[in-house]
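Below are two complexes that have subunit A in common, paired first with subunit B and then with subunit C.
After this line comes the complex of A and B, so read on.
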């Protein structure tokens, strides 16, 4: 790792190396896994298994404008266009759909954790059936309370142990507690550094555009257990610190307004998302999706508890509190909500969240319809109008505040 | 015949008038809890003295619930919330809310936000339900549900009362399974609509009362001679199939439901609770652990559901499968391509009808089902 390289370059190289190692493992005849983004990565890493991440792959394919083609391929297989576009892209790829945007080795085993959604369960069952490969399922039931009950932690931990046993058989490798401790230490270090980097959004003016965090998420998803990721996030945080001192920012426009972007970005249309924001000087200084992947724990029980707290597996009280804290800490003037056609568990209680934010934070909230990977569900005209509306409301609120 | 007609008519009235049933139940001094889909161990509520009322949405239009759910969610949830917001379930002592799918998760949060005055007993089933640790977790969840219901009812649920409730429910499940079998044999007597109503009425009755009526119907059906017009037999599959306009089409084109793989129907009473297990909560957890062949549940045996559906078709003498696909139901939609492929391989014809509870015009469904029944008849000849 060269010290001359910027953190963003180093981070991109690390993600590239994750996939390169997977290809190399495949060539050596070693089993390669596909994993959901919040499956406990510590387990496969401890066993030295190469793993790819279909959600990350689908986002990359979508960002390179292959999403619609892959979705349509899945639809030709009989999958409804109601289904999550990540799932459709992944199912198409597993079926052999041509895809130059982000090729990854086909899987030999699957690691599924439904803490982000239950769609994952049937998505991975389909791939396991199509490819004739084993599926390891870690089930994390939805939490209706802020705290995770002990019996749920025990249930999740028992599943970790079952997963380890199955992976030992698949890999022919033996579990090593010492190695596990090292991996957890790496994951914690990565998470702490990632959260520190994310926290620079709170500085006014912000040394970064929140959309940068979306780009760096690939690392916290695919490589959080690797020491080089921790080092790169520490470098990123140090760069942000330096930018604060020198008055620089990756947001190269006016920062007239600071907004929270709620939800997963519409990867196929990032340019369209960005344009009206930069035109009006609305910097994204809070995103829920990015820090949600940064969690620090001590020991396997705390690890089980941490994996129970994915954005889509917590109750509305916890979900609202996360976002309110983020908005307050990061000085947000307004909130832009993505009603994501691909993500039912996420979008399903957003109307109620909107009401609570308006009441408690006193900031304007505006929603738009979109999709994380299927561009057919996004209307640029609607989005632009909604952003204009949000900006008008923020301007009015700022004017009212100034007048007081 | 008159007895059957009267009984079917009585159950039809119950199925069509849950509001009146609830009022009557409360007038008798009973208390009621609402039960949302899926796999709620109603026996616990029954043992606490409640009459469980099933809430699987309703036919109509989404109005108030649109303030909570965007449009791309299944109507079972949206119309369930509509019921809650329109005052129709105000008299319930509580509701029990499972969270087994991606729509039920936010539904639970929307419900408690929309109706904080109605106690919501939350239930998070495990997907890894068959292993010992899954059963242990289910027992913990059911123990919490039991404690919450005891608090709401102000009674202590004893092991004996729970064991008695399990017997009541096992008897009802057996009676419903037998009714499904007989309804498939006597379509001239039990139309597709009447069949659905008899099954639906169970959601609005004390199960012992439902069993009593059902046993009389079953006995009367058993005494009938062979039905001269058996129709063309099919298996239905989906979340819910209770729409009168849709089922009229079945009757119009002589389509007989010989068996079903419908969540609102047979999926809910396929598995009995093993009463010899000792601790009744463990018995209920074991019952849930035995549930399979359902897209809402993780299925480690990846080919099982398709295989079992083919078996169901062959065992009941059906000629095809009609999928009644609940719009926006991801689990059903994700399972469908493989199930369809499995049926095709076994040379079992199938057709899919899109459905939601706001649908009023079934013209397209009628055309599809007419063509499907013609095709099945042609294959028979």
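After this line comes the complex of A and C, so read on.
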């Protein structure tokens, strides 16, 4: 644990070091990879390969207001504005679009796992073709049942083994089972600490805002196999524990209401997203996106099973259950759903999820249109009206409960 | 005692003044929303009709997209709660409100005393809103209020398949170019708007009495098409367009009387 720096500073420095190491590897002439966020990071880490994460890079570019410029560049390349804005930003970057917001080294190989979404497959195939580099694909079929059947685990595990062989060829490095065990132990330790930190949202009042978790996600995505990440998450959880004891919170406003924020934030307009929530004292105390990246496993079969489950790769029953449990445990008064123009698989089943939440949780649910990285798909005035409506519904429900 | 409700929308501004019994004493509606002189014109009209000076107003509540851009006076409230209160004031048995305005369509589930229970709104697209009707009106050079008369003469059922307001407009022009009858086209336009609103309404369920508010409520063709889509009778007040402002006024009155009163 770092004694002098706050966990959020340590976490930011760890992410910076991931990208710094990638640049250093590039300078040494070593191959650098680009990886989807939920590709088994344990594989590249075991082989000691430097890897960058285009989703994380795209979110950073969008948050620094470069999203629209990069999206328009990709559209001028011929990509439709209907596809994911992360994909458009990444494709533009891979094509050499000027980008000072978050430069990363260009890739020498690609690691793609479609548990995140199927747009990812075409996105990475295009980059592989554009740059003439190898693509290692791990295919995770959509889980139309709550449990992952054994034959699917075997299918995924076999792909892990194929990926290892291909990466050995690309990098010239040899696989080491002992090192793999160490890396998995680190990943598990990071995940356990991350889940523990996320769980502090359940405390009333919460020592944090769910938006903090969105910011710390960069670590669970890019550096979950590193011992320093595990230590920093443990420090973060300890800080939250201390905040609970001292009655402090990173949410510096009233906590009149507790909400679940469903979906990926609109990175280009975080201020606009946050303002009506802080004005009304609506703290985000549940987010499904953050804990979805925390999973603990024992052995490679369990690891394969864990990677089968991501927000867009599970059936609606599992998706609803995740969120309902979270809402109950974290005591939310209402749900704000981001209908994300970039993420159609995620947004598509929200209509039915909304219906089930209203029925089973009995809390108001309100949706708004937006985008994770393309600011053209967000209207601040429309968002504000919808949040105010949600707050008015929560206020009325609380008043009715108090009167009983 | 008089209170004022203002509804600064995307295309028009509305003001309603009520007295302590909830009776409407003055109202005003002017084209132009936030950023125009519409709000001031609407206020002048309402004050003139009520025959009072602005200083006689005990409380003012603002709603609508421009609510934060005008003098907020005693507070602001989203148009969701205001339309629920306004519809309840006009029709006390209201349970579902369909409000189609200039750029928003919303379906409100309303409880007793006009309490908002739940709502759904259109997405960012303006298809199925007043803006769509305005575009068609401009493209075909027919006033919105005259569209219904044309639609009632429709003989053939044609469909507008596009869900985009801009593409629907081109589709209509194309249909006319291919010989479609103007009356049939207007009928299809109304069904298109109604179909979008009905899809929204079905997401939270439609309960009786069902009331329509907002500028598009004035359009008899859309109302009839919606009744057919939803298979319910839809009530429309001559004051439908004032429902948001009226609700804001009712809300303004609440702390002063602790009684919403009945609007005459």
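In this text, the second predicted complex is superposed on the first by the 402 of 404 C-alpha atoms of A that agree within 3 Å, B and C clash if a C-alpha of one lies under 4 Å from a C-alpha of the other, contacts with A are read in each partner's own complex, and residues count from 1 in each chain.
Just so we're on the same page, a residue touches a chain if its C-beta (ideal position, glycine included) is under 8 Å from a C-beta of that chain, and two chains touch if they have at least 3 such contacts.
Since the structure is predicted, the reported quantities are computational estimates derived from the model, not experimental observations.
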Report task. Name the contact category of A:358: first (subunit B only), second (subunit C only), both, or neither. Result -> second
**Report entry** subunit A: partner with more touched residues, subunit B or subunit C
**Finding:** B
Query raised in the report: Where does A:339 make contact in the superposed view: on subunit B (first), on subunit C (second), on both, or on neither?
Result: both
Report task. Kindly classify A:366 by the partners it touches after superposition: subunit B alone (first), subunit C alone (second), both, or neither? Result -> second
Requested in this report: For A:30, select first, second, both or neither according to whether it touches subunit B, subunit C, the two together, or no partner.
Outcome: neither
Query raised in the report: Touching A:392 in the superposition: subunit B (first), subunit C (second), both, neither?
Result: second
Report task. Considering only the touch criterion stated at the top, classify A:379 as touching first (subunit B), second (subunit C), both, or neither. Result -> second
Query raised in the report: Does subunit B (first) or subunit C (second) touch A:126, or do both, or does neither?
Result: first
Query - Set of subunit A residues, in rising order, touched by both subunit B and subunit C - result: 339, 351
Query - subunit A-touching residues of subunit B, taken from the complex the two chains share - result: 67-70, 72-73, 99-103, 105-110, 112-114, 122, 124-128, 131, 133-134, 136-137, 140-141, 295, 298-300, 302-303, 327-328, 330-331, 333-338, 340-341
Requested in this report: Within their complex, state which residues of subunit A touch subunit C.
Outcome: 339, 351, 354-355, 358, 364, 366-367, 369, 377-379, 381-382, 385-386, 388-389, 392-393, 396
Query raised in the report: If you look only at subunit A, which of its residues touch subunit B in the complex?
Result: 77-80, 82-84, 87, 114, 117-119, 121-123, 125-126, 128-129, 135, 137-139, 141-144, 149, 151-152, 154-155, 158-159, 162, 312-313, 315-316, 339, 341, 344-345, 347-352
Query raised in the report: Touching subunit A in the complex: which residues of subunit C?
Result: 65, 77-81, 104, 115-121, 123-124, 203-204
